[in-house]
Structures are given as C-alpha cells and as structure tokens.
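Next up: some structures, all given as structure tokens.
Heads up, the next two complexes both have subunit A, just with different partners, subunit B and then subunit C.
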Partner chain A sequence: MTSSRFPGYDIIVIGAGVAGLMAGITATNLGARTLVVAKGVGSTALTTGAIDILGTQNIPPTRSPAQAGPISMLPSPIRPASLSAALQQLRQSQPHHPYAIISQENLQAGIELFRHTCAQAGLHYTGIADENLWLPTALGAVRPTALAPAAQQAGVVDRPEPYLIVGFHQLKDFYPLYLADNLNRTSGHPARGIYLEIPRIAARADWFTLYLAQLFDDPALRYTVAQQIRSHLLPGERVGFPAVLGQQTSQPEIPWLDLQHLLGVPVFEIPTVPPSVPGWRMFEALKAGFRAAGGQLLIGSQVVESSVDKQKVLAIKVQTAARLLTLEAGAFILAAGGLYGGGLLSYWDGKLEEPLFGLPVATPGAAQITDWHRPTYGAAHPAQEFGLATNAQLQPLDANQEPAFENLFAAGAMLAHWNPWHEKSGDGVTIATGYQAALSATHCLGDRV
Partner chain B sequence: MQQFETEILVIGGGSTGCGVARDAAMRGFHTLLIDKGDLSYGTTGRYHGLLHSGGRYVIKDSQSARECIAENRILRRISPDAIEDTSGFFVVTPADDPAYSDKFYRGCLDCGIPVAEITLREMLQREPRLNPAISRAFEVPDGAIDSFKAVSALVRSARQHGAEVWLYYRLVNLHLSQGSLQGATVENLRSGEKIYISCDFVINAAGAWCGQVAAMAKCPVTIAMGKGTMIAMNHRLVNTVINRCKLPDDGDILVPIRTVSVIGTTDYRVPDPDHYPIERWEIELLMKEGEHLVPGFKQSRALRAWAGVRPLYQTEPTLTDTRDITRSYVLLDHETRDGVRNFLTITSGKFTTYRLMAQVTVDKMCQKLKIERPCTTHLEALPDSEDHHYYHVSHRLGEFEAAAQDDALICECEFVTATKLETAIHRLRTTNLDDLRRSLRLAMGPCQGGFCIFRAAARTHESLGFDVSRTNQALVQFLEERWKGVHPILWGDQLKQARLDDWIYQNVFNVSALPQDEGSPSSAERANQSLAEWMPVEIS
Partner chain C sequence: MEDIRFTLDHCVKCNICTSMCPVSRVTPLFPGPKYAGPQAQRLRYGPSTDRSVDFCSGCGICSQVCPHGVKIAEINAKARHTMYQECGIPLRNQIIARPDVLGRLASPAAPVINLAMRLPGVRRAMEAILHIHHAAPMPSFSFETFPAWFRNRRQQIPSLRNPSSNHGTTSGATTPDETVVYYHGCATHFYEPRIGKAAIKVLERNGYQVIVPEQGCCGLPLMSNGNFEAARQVVRFNVARLLPYARQGLPIVATSSSCSLMLKREVREILDMQDDDTALVSAHLYDICEFLLIRLAMGQLDIAFQPIPLRVPYHAPCQLRGHGFGKPALELLQLIPELETIEMSAACCGTAGTYGYKQEKYSIAMAVGEELFSAIHSTNPHLSACDSETCRWQIVHGTGLPSVHPIELLAAAYQ
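Coming up: the complex of A and B.
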C-alpha cells in the first residue's frame, strides 16, 4: 500500500454530522483552510430537522400539554419559561454538561451561524430561540423544540386551527388516523386523518420517504394531491403532511409553499422515522454552506489511524479506495459520533474505546457493564451519557485529566455528560460544541491563520 | 355464573397441553384446553428450538435418548412444516475430554441413533466457521423446530377434530367432590367473567405452573425450575446444529433456527416461574463457550437474551442441581398417588417428546375411564405438513419475492407483509403486539421492533378502532417487554441499534408523551374479543 502526502490544512475535522459541519463552517469563516473528512453521511438524516436546545429537563415549569391536559384548558400564556433561564439552571446543576462548558454567547452565536447558513441554502428556521415550540410527532404526541424548519412551523399546538392530517396508502411509516386520534388528545384541538393515494405509483409496494419526496418535487403531482385534499378540507382547518414535501436542494421550501398556495390554508410537515427528509435537507444545506465558504469535503473515506507525538497530533491516515492518504494539519477536531455514530466502540466484556487516539471514555454513573443500562425501558441510561471528557476549550482529557493533545478538540455526540434523548437537547449541543471546537482550534493555530 | 360442559379439560397451552388436546380430540373426546396466556407463552416459546436426535442423552439418560430418536422420526413425518432439516454435529473441541467421544459413539449405537463420524475436512467444508482445532466430529439427525409454528399447527389440528381452545383464561379453582375432580372455575382475563366448567377428567399440563394447578386439587407436586438462558445471535453462524461432544453442560449447543443462531443454555434453579432475571454471569458464560465452537463468536452481534424454565419433577425435594434431574417425562396418577380421581399431571420431558407424552397421558386416561380408543397422532400429518416438505430458511424470502410488487413489508427483518399482518390483526382482534409477534415472528429480527412495531401498533388501531390510549399502552408495553431481553446484551452493534431505537421512539415520536390514561377496555371492545374469534394465524 502506498502513502501520499497532501499539502497540509490548518484544521481537519473528522466527521460530517451537524457538529463536524458546523465546526468546518466556523473554521472556514475564520479563515482556516479546513477539510472535513468522514466515513459516511453521519446521523443527520435521522433527525427531525428541528433544532432542540433544551426540551424537557429543568425547564420550569414543565408544562407539556400532554401531561397537563388539553391545551385549551390551560391558563394563557401556555409557553414554558425562557430557554435561557432553563439553561442557566442546568449549568448550575450539571457542571460537566457541554452547555455548562460553553458560554451562552457562543451557544447563541453558533445557533445564529447555523440559521444563517441554512437560510443561504433556502432553508429557513423559525422560532424565537428562547422559547420552545410544541410540534406534533408522527405518532401524534407533541414534543418541544427550539427552532423548527419553516415547513414545520404551522403544526404548533398553540395555533387555533383544527388539524387535518393527510397520509398516503403507499407510505408505511405514517398513520394519519392513529396520529390524529392522539393529537386530538395531546393538542386539545380537533384532529382528523385521511388517506390519499399518490398518483402514478403502486398501491402497496415498499415506498420510503425519500422517494416520495422526490415525487413531490413535481408541480403536476402536487396539483393532483391538492385537488384530492380540497374535497376533504373543512373550513378553518390546517393540513399536516408526512415530511415528504420535496427533496430538491436548490429551493427546498418550494413544494411546501406551493401546496400551501394551492390549498389556501396553513400547511405543515411532520417529521418521520429515518430516513428523515427534513434531516436530509439540513445536511444538504450545511454541506452547501461549508463548500460555499471554501471548505473541502471528503465523504466516504474512513480515518483509520493517527500520527502523534507527546503534545500534538501530527497527521491522520485516511483509507481511500486506492490508497492510504496521510493528511497533516495544525489542529484537529474529532466529531466522529458517539456509541451510535461509530466514533466510540463498545465490546461484550465491557471495554469501551475511542479507536483513533486511544482517548479514555468517561462512563458517568456506570462502574461496570451491568450499569450501562437500567432494566427499565425509557429510563435515562448511563450509557447514553458516555463519551469524552473535555476542558472548557473542548480538548479531550487523558487519564490524568490533562488535555491529551494541545491541538485536538472534540464536539458533538462524542462528548460525555449529556443525554439528547432525555434532555431533548440534540442539535443544540452539536451546533454549540461544533462552533466552540472550531473557535478553540483556530485560536490554538495562533498566527498560522 | 355461566356454565360449560366438556369431557376433558386440559390445562396449559404449551406443546404438552396442545399435544394432549389434539390426541384426546382425535380419539373422539370432547376436549377443552385453557391457558392463562397465549399459546407457547411459557417454556415452549422460550427454548432454543432443538429437535433432539437423542445424542445429548446417550450416556446420562439412555431412556430419554431412545424416546428422542423415536419421536424425532415421527415428528419429521407429521410436522415437517415446522422443522428445518439441519442435521447435527457433535464436536470435540480442545476444551473437551477426548475420551468421551468413543463412549458417545457407542452410546448412540446402543440407543439406536444413527451416527457417523465425519472427517474434519468435511466438517469444515459444511460449516466453515467452526473451530479448526476441533479434533473429531460426529453427525446425528438433529434438527431445528419452530415451536410457535408447531404448536399453532397442533391447535389447528385439535380444532379440526372438535377441540376448543380458550386463551387468556385463568384457572381459578378445581372442584373436588368425594375424592373425584368434577370441574373447574375459570376466569376470562379479558372480560373478568368467570365460567364454571364441568368435566369428566382434568389433565394438568401447566408446565412450570403445574405444581400450582395440582395444589388446587390438594395434590402436592414439587417442580424444580431450572432456568435456562439463551442468546439469539444475528444471522446463521452455522447451518447445522452444533453440540459439544461431552456430558450436557452450560453453553454447549448452537442451534440455527429461522434467521438466527441460538446459543444455549445455562441451568440454574429458580424459585418463581414468573420472575427470573437474566444474570451477567450467564451472558459471559455463553459468549465464552460460543467461542470454543465458532472463533470470533464474542465479536458477533447478539440480538436478544431470554430465559425459560424447565419444569422438572422432583421426587426428592433436596436435589439442588437441576441438570441431574431426569429429562424424561413424568406422568402422575393422582388417584393412586393422592387419592384424587379423574386427574392426571403430565410434566417434565422436552419439546421433542411432547407427542409421546400426550399419548401415554391419554392412554392412561382411557384406561381409567375404561374406554378403548387407540392413539393415532403419529399417523396423521399436521396442517401444512401434508405435503411432507421440510421448512427451509429462505421460504419467506421466496414467498415475498413472488408477491413483492403488491405488498409492503411491515417487518423487514422477518418478512412480515402488510397483508399477513392485517390478516392476523383481524383474526386475533387484539392490540397485544406480543401475540402478533408469536404468530408472525414480527419484531424478532435484528432491530427488535425498532422499525416495525409502531407500524403494527398503528395498524391495529386503525383496523380495530379501539381507544387510542389502549393502542399506546400496547405499544409501550411491547417496548418494555423487548427491553427485558435486549438490555443484558447491549454492546457493539446491538447497542447502536438500541440508540437508533431510542432515537425513533424517545426523540422522533416522543412516546412517553402519548396519552395512556384509559385503563381498561370498554365493554364494546371486550365483546369484540369473543373467544370464538381467536384463532392462531397460519405462520409460513
């Protein structure tokens, strides 16, 4: 096997999820020559496309409409208290949490950069960012989120319109009648579901969201679907679709806006199980933003090895189809995902590993493998918070709690001490830590940039 | 109280009870079988699926070995649709005493079990993943049998012969009058309604629960419960049943069944047939033992762990090692034993010998009732087995490919189509997703329900129209039940799978915020679940 050397980069980011791409965009904007290298497309296409900052934990008062009864019976205003207050409380009660490491200013700056980048790609995010929106899920529960794509916005439970939920016989991942029966209870609004046939494709065969989304890029198909809906629509209703309204990347909101125009009522998308079209759109927008800023993207190549000395990471080796590339940089950002994404590995005997640099994996709350998961389904499991421990600059720590390398930083799901499932903090943490890691890495480059 | 009359009441819907019900019905007795749960809910649905050749018992328990090979031949004749003809190897690994293998070989010959030593070259050709350090290999006619499918066919056959099968009916009491069993009170667990059943004879085939049943007739029966833990490994690591050539011990067998391979088992005495958690030492033991058979086993993906309890009749209440209790069946004649007439208990034994157990039980009953009717269960093939074709692992794929254009796959792992699922929902009329799982193998593959179970829940809701909170409860209950088998084996790929499932259910769906407030089904819903509607779905 031959090796070749590429001209060095200022910063190499390992991983192309939200954290990696946000780090790449931030670093490029700061003038660093940046490469993002990733084995695959990351977990972004699993997400709802909405940005959770802090959903359930420590938000006073917790007033999920589902817990508190029909929303119409709640005193007004029904919005939870401000996100910044909840974050402040979290910083005090969980000093190791990534939000406690990162300043509120940098969190906000990261979120603003994300919004700006997506808007440049035609994907607009709405929300006040200091309050949670409550949006319907594909089973008809409601969930809190901080920023929603514009196409999901009209689903919020504190709008007054009754819901008409439209599903398609061909889509096995979306059940409008079941959804509406639940939504009726969880939102307090009347909700009903209907099934339509998508023209041109077989009735029962196996269709997935991404393919249906491609069909909705066609104006003629949208027109036919709107015609079908019009005969069912009652005055005053808003219309919810599974999130399959278009897959094109140049103007991703056009199919949604067009349907809204054709129907003359508010239209919104409800995110589905993976593959999630809104997650995919977000991924495309971030990639476009990174490339537009001048960054280089290498997807499909796994980083297999690192070359280090006592203080510094010198280079990484990347397996491409033909050969092993050695890539040098002044600083490195590790955003390869956690135990789900593949940046961390686990074994039957309880061993945990960060394979690239041999960094220790922190296991808060778990002394041995039998502690990794609780016997109760849905509990907060310690393994959900396993990851790398870092300092305030997001430098991963070695066994002595010292920075492992002066030019290595970590971001996203690799980090320990946070739990996206229970906190509903998924992309807030990934955006903020991607942003912060790039700031720290650029700072560490000093005069080089 | 509603009354019901039958000649024979069978308690227990596992392989033994269903075998008894079929046998009795085929001999012309009016027969009713009840179970407090679903078919195969107990030990029958929780074993590894080995169709014994008898090889495992040739040294320690030659009577069991002879029974196994005789029944193995009969089941291949009457129940091939549930059997995969995998064949079986007994292999001597470096960890095993080589002296045992000659004894084993002679033992097989003595018990009439066809046995042939095969060359190691042939062994590796047929099973390339086996340990190359294995020193000897013997082939015997082991097989894999799908217990859900076999029991479902037994029940259909019993019904064709006039038997009734009531599921989710709990035995409340047995009624004794002057030393004779006259009947029983049972409770419909779905409606809460109680029914008095008068009958001529009661057969207790309640497996791990048969001591509790016998106690209702004041007959003390001590059952030692040997918990056996198993792990389903993803894919078929082997296509032949692989046994270690040694006295039966923990973790010494690997059974390829359907789309997985099952490593089993442990054997550990437990006090309660309803609660027996899987312990970490069992997982470690099975993973380590598997490595002796298949190098790299510990790096393979584990899908799920589960345990069943072997109900072993204990004559001596002080024996502690359940492996030393006979695996042969035990028929208790409560008239001679306890002075209670019209009552038999059939227990212990193993799946492979269920038919023989049923035969001797019904023979004994005929003798007591002074009626001469010969057993015919070995002569008539079960439903779907009439064409004498064995099941083949690629069967469902073939079936799906033939119909792929017209049907959506609801469970991609196990090839359960929308049509199959909807047929099952309408016949079972249940929101209980675990019943659908046992009928269809829904959610039994690698993702353990991650992608299919919300689809199934939504379809039960949209088809049956029950209150939505009941559907939500069923969904959450299923997730909780699956978790019991998944959390002990979460590392590597299956840990990733668990996080993906978390992602879907906790995050995308936010299931914990679904309304689950309505506690019990309405009376209209109960009426919809009349027992006559219950019919196991054909699984193919």
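Coming up: the complex of A and C.
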C-alpha cells in the first residue's frame, strides 16, 4: 500500500498562516468540520503582531515598465486622512485588488472575528475605527498600522510624553540609543535610550527574543527591571521596551500590565526583528481559537498533490513519513502563501507555478522576467503583486478566466493584484480574504454543513 | 534520494526553529537548531566542528516548524554521528542504546532487578560509574515478556494455532487482507506487555489475525546515541524478518510511534539505507492508531465502544507528530462515549528517548517537560495518555500519575 486515506472533512484549508487560520476559524464557527494542514508555521511569527489594513494612499495602478516612474513615485502615507476614504479610493482605482472584490462589510467582519479570537486568548487589539496608529519601529522610524496589540499602543506618536527607550546588551538588533535618536527625529518628541542589566543572566551565544521574553514571565525579574528604570525615569516620560515582555500564552498581557503598574507610567513594546514575540503571540492566539472552535490542525505535513475531476477538487495528498495520505473534503481553501510562503514557486527562467492545482499565476505589469523588479529598492516591484487571480467568491481562475474548480477558494499572500509591502496592507488583506474564502467555501457546501 | 544535508540551502535564517526548540530555550549549553543545523553544517567538511550538537535531543520539532523545509534535526543527527566517530561513544550510550539486550538479560530475573533498581545506592552507583542520572525514569522489567505471553496464549487456546507464523498467530480470519503483522518493539517486549495485549485485543475484535514475528530493537536508541553502524545492523535484522510479510502486502502495525517512525523514515533519511527491501518494509509500516483510523475511513472499524467516564489529557509525542499524519488517537478516542480527551499544547515531554537518562541532560529534560507536567496536572489528577513509551515513562516520572497508550483506552472500551 503506497497511499492511505483518513476520514474526510467538510473543508480542508492548506496553510496555517494568518489566512489559513482565519479561514479555519471562520469555517469551524459556521459548523464545518475543518482541517488546517500546513508544512510549516508560515509568516505570522515574522510580523510585528500589528495588523496593517492600508498605510498609504494614492497608489498608482500597476503600470507597464515603460511608464514606470522613479523612486519619488512612492505613495503618500495616510496621515491623518480617513482609512475608509483611502480604501474607497483604492477600490475605484484598482478594481482587481482584493479589497475591491471583497465587500467593506466582510472586511470589517473578518477584522472583528480576528479581534474577538485574540481577545479570547487574552490578547487585546486596539485601533481607531478610521485612522491609522503611528508606532515606532526598532530602528526608530514610525510606521502606520490599523490595529495594534494593546501592549504596543502607548508608543503612538500622537501622545505627548517624551520617550525613554530601554534595551538589553544581550539582545542583538535592538539599540536603544540609536532607536531613540531616530525616534526623536521621526516623531518630534524628546527621546533617550538606556541599557538595563538583567541580574544573573546566563551567558549564551545569542539571546533570542523568545528566550528573553521567557524571563519576563517571572514577576521577580520584572520587579528588578522596574527598580532600575525608576532610577533613570524623568517625570512625564513613557517607557518603550523591545517586545520581549513575556511569552506565556495563558495571560499574555500580564507582564506588560505589571510593569506599567510597577512604574506608574505608560509602558509599551516595540516589535523586534523576526522572530517577533508579538507575532508569535498572535499565532498562538489564532491557533488556540481554531482549536477551541473545534478545528483540527496538522502542522509539519506538506501537501504534495491534488486529485481533481473536471469541476471539482476531490482530495489532497499529504506526504507522511512512509506514504501519501489522501484527505477528502467538500471544499478546499488554498492559503499556502506567496513566493515567500511557498504557495507559489518561481524559477530562474521566469517560470512561475502554483504547484498543487496547476493554477495560472497572474503577473500584472510584468510580461517577462526582466520586468519583475524595478531598479530601486523602495519601488513597488511587480513581482510583489504576482499571484492567483480570482472572482468575487475568491475562486481562482483558470486560463479562460473561469473558476478553475467550483469548490476551490484562495486567500492571503497567494492572491494577485495587491502589494503588502508598498500599500502596508499585509494582514488586513490576509484576514479579510481568509474570512471571505471560508464564507464562500461554506456556502458552496450547501446542505452539507 | 538527495542527502538531506543539502536542505540547509533553503534556510533564510528566520530563527523560527530556534524559537520553538524546547532544549535551547531552557539551556545555554545548546545554541539552538539554526546554529547547530544549517549554520554549522556549512563548516562541516570532514571533522566535527561543534560538540554542543550533542545537546540536541533529536525531538524533531525544528524540522516540523521550519517554513522552508530544512531538515534540521536530521542534519544534527548526522553531525552527532560524526562527532562520536571522532571522540568515541561513551559506555553509557552503548548500554542504554540496547534495550533489547538489557531486556533479554534482565527479564528472567525481573523481580530481583526491579527491586535492586529501586535501591538508591544502586542508582547512585550507576550514576557515578555510567553517568545515568539516578532519578531518571527507568522502566521496570516484566517477568513475563510479551512474546512469551503470546506463545502461551496460543498453546492454551488450540484454535489459535497456526503454523504459518514464527512466534505465533491469533485467531480470526485467514484471508491475507485480514491479517496484520504486529511489531511490538522492546518496550512492549520487556517492560510493558500490557500494551501488546491491548493491541491484540483491539485488532482481534476487528477480525484480524495477528502475526507476531521474531523481531529486534528498531535501532532508534543506537542511532540517537551516535552508533549508526550498529543501528543499521539491527534494522537489517528487522527488515529480514518483516520482508516476507511486506512482500505479501500485509500491513505491519506498531504500537510505539518512535519505533515506527524509525522504520518508516529515519532509516532512509538519517541512516541512508536506500535499498528496496527496507523501502518495502517502510511502505508497509503503520502506527496502530494510524492503521485504525484508516479502517474507520473504510467503514471497517467496530465502533461499539462502551463508555469510559473519564477526562484524559493526551500528549502527542514529538516522534508521533513526525509521522506527519496528525493525531489519529484523538479522533479514535472521540468514538468512546463519555471519554473526554484533552489535547495538551505543550510541545515536548523532554526525555526524547534516552536523552533524559543522561546525567548531564536529566535536568534539561525535566525543565523541558515542566510545561507538560503542570498542564496534565491542571487537567486531570488521575491519568494521562501518550503513544510513545519513553515519553510515558517521563510523564509518569514528572507527574507522579500513570500514563497509558491510547490503544489501552480503546481496548478497555471494547470490554
């Protein structure tokens, strides 16, 4: 026997990134027996943990290389204009954009479900309904984002308090003095940086963020750290930490709230380079939400093939240790990530491929491989918009622009016609499309659920 | 097959593996999977470069979470082998890597030896001489081994006699696709025959004729203690015993999720045994819960389970997760009325086979397991379930509560 079969599901989601988990949570809530299968953990732990919906406006539609402008064509930040107006403008100027094919109601409902799921896991997201938050980065720049974990909120540039940024010698790639210098320029507020000592900390080659975060689960350590800060703190200052304030998942905000309590001033976390603890907390919260809803999660298994007939996907095949395992379902959601996540593959000769179903990969603005990238780093590169073209139900389209299969839906970084980096829309589009794909998939199951 | 070490080229240095490694989180002695795996591998041309790779427990979590398919745990296993080739394998590793030899020597005198092992002086002496930690959860030898029980039972029930098997065969149908081969491994053989008995009960209840061939240790302890040559030898021994059945197309079912992963995949990826015979045996190997779930999907599982009114925390061992088929035990246990199975989210019990026995690693293993132990305690103060023997022993040690294989719950529910 070279392959085997387990009992089937209503819906199988391929991918455990934000798109896959949001799709899984949505489908399970709607009563579908759902499996999320993924070969790895996806990009979630690399993110800041904050949800970007749209950080820039006046984004020019993708142009052919001949029309490509210089780097000064960078879109302008949405500040302080309204998010909904910018979304509206985007929908009009870019009719293929995922935000244009998903309704505003479903975008909001998806975000609400995300917020609710995280809150159940003790992770609260704050954000203003129609305006971006501007938060410091680990380099001292400021970035727009729509929803931030509560622990990051007090860093917003709109608040008046001067910044005291603290850091630890053990943590590489987080330099409080450098950060403060830049933040002073970018935010206009006074900012200074100091290093703190962690008593009796073990010597090790590298103190990764999650390891340091583990130490902050200890109330005694938080107490000593707060003592040190108190001797430096000037009246009126707020305190910014690298985002390492605790890693336990049962009550993730306790270490942050405790430090705020001990210091009596606003305390906030600044996300670090990957792997970032806030991204990790978000991943844990989504996983917990999916499990609590009754979904099944299979991480560490690659989907290698599909079995289809003319209209439908019948099953996927997962590589297990000794054989292929066939898993059947009524509907499938492809949320396997883009060129980075592994859902799309590219080759040296310019060939692009969606390996599981052989779906065509749309390459807006790039007829050949020499068009994939612009010469300048900060430009919007066409390659960032490659992906699957879909209809409004998020069914991927075949070469004739017809739905490839009636029971296949796609979400997240796999989709074409959007640019997370340039638009600053990463997890906004990802959440909304994950949600929408699950709505469509459940609808397609009809009476089965 | 391409050498798995080439997968290092896929590493993007995201450190997701490092964040998830249960060992490097709790000890600075191990720099973590990214360093020990893809990073150090670039420098490993010939001689061993880093002794710290010995602190990798081989749990395999890193390879499961890596978003880019780097076979980190496997790279580490090979590096450990190179290291031991250079510096020699300690006597202790040679001993604990041979549970079958130990069992064969000790079982006849099980009561005495078990008693002796409980004397603190004996364990202290073992620690001083062999560097086996005195508190490590050593299992008790069973006086009656599983194969002995199986043979006796056949003699007592004449209808069970069947000349076609080596060690024995049980009742039931005789058509080939209703026959299964049972690979019990050392733990069931010498320490926990009750698990084999439960497996036989469940399989027979479902109409299978069970063949229990002569067999040896799967070789995993030898491999993880760096002795690849000896490991290959015992694998060849097993392949020779199992091959005739694989050739007939009979499923070979194992109750230890670590033994079955060894024979399914590690033999190829880590021991580089690429021959057709080994591949054929691998292709016919099933974890018992995997096997039963496949039968359920085919509508061929007797699901007339009696209620078990219990709340049981379930830990899916790292090695089971390595099979890549999910957690079939969870789905099977759901079929038992009134049984509430709670999946534990902690990643690892810490012991990783023989790792936790070692004097210098015992406290690391206990620190790793702490999250699981306390989660079990807060779920149920009576019992826990887990598919792998060394994990069960570690859980019993860490929680003070008994731990069973899911097959025992299924067998109990068949009454």
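Throughout what follows, the second predicted complex is superposed on the first by the 419 of 449 C-alpha atoms of A that agree within 3 Å, B and C clash if a C-alpha of one lies under 4 Å from a C-alpha of the other, contacts with A are read in each partner's own complex, and residues count from 1 in each chain.
In this section, a contact is a pair of C-beta atoms (placed from the backbone, for glycine too) under 8 Å apart; a residue touches a chain by one contact, two chains touch by 3 or more.
Note that the structure is a prediction, hence the values are computed from the model and not measured.
Contact with subunit B, but none with subunit C, is seen for A:H422 once the two complexes are overlaid on the shared chain.
Look at A:P274: by the touch rule set out above, it reaches both subunit B and subunit C.
Once the two complexes are laid over each other on the shared chain, residue contacts for A:Y223 go to neither subunit B nor subunit C.
Comparing subunit B with subunit C, the partner in contact with more residues of subunit A is B.
Touch criterion met: A:L339 reaches subunit B, while subunit C stays clear of it.
With both structures placed on the common chain, the touch criterion links A:D206 to subunit B and to subunit C. Judged by the touch definition given at the top, the superposed model places A:K172 against subunit B, while subunit C stays out of reach. With both structures placed on the common chain, the touch criterion links A:L46 to subunit B and to subunit C. Residue overlap on subunit A between the subunit B contacts of one complex and the subunit C contacts of the other covers 43, 46, 202-206, 274, 342. The touching residues of subunit A, counted against subunit C in their complex, run 1-2, 4-8, 35, 39-43, 45-46, 202-206, 208-211, 214, 249, 274-275, 280, 288, 291, 296, 298-302, 318-323, 325, 341-342.
On the subunit C side of its complex with subunit A, the touching residues are 14-16, 18-20, 24-25, 28, 31-32, 35, 63-69, 249, 251, 261, 264-265, 282-286, 290, 293-294, 296-298, 321-326, 328, 330-331, 343, 345.
The residues of subunit A lying in touch with subunit B in their complex are 43, 46, 48, 64, 66-67, 137-143, 170, 172-173, 175, 177-179, 181-182, 185-186, 202-207, 271-274, 276, 338-340, 342, 345-350, 369-370, 372-378, 383-384, 420-422, 424, 426. Listing the residues of subunit B that touch subunit A in their complex gives 277, 280, 283-284, 287, 298-299, 302, 404-410, 418, 451, 454-455, 457-459, 461-462, 468-469, 471-472, 476, 479-480, 482-484, 487, 490-492, 495-496, 498-500, 502-515.
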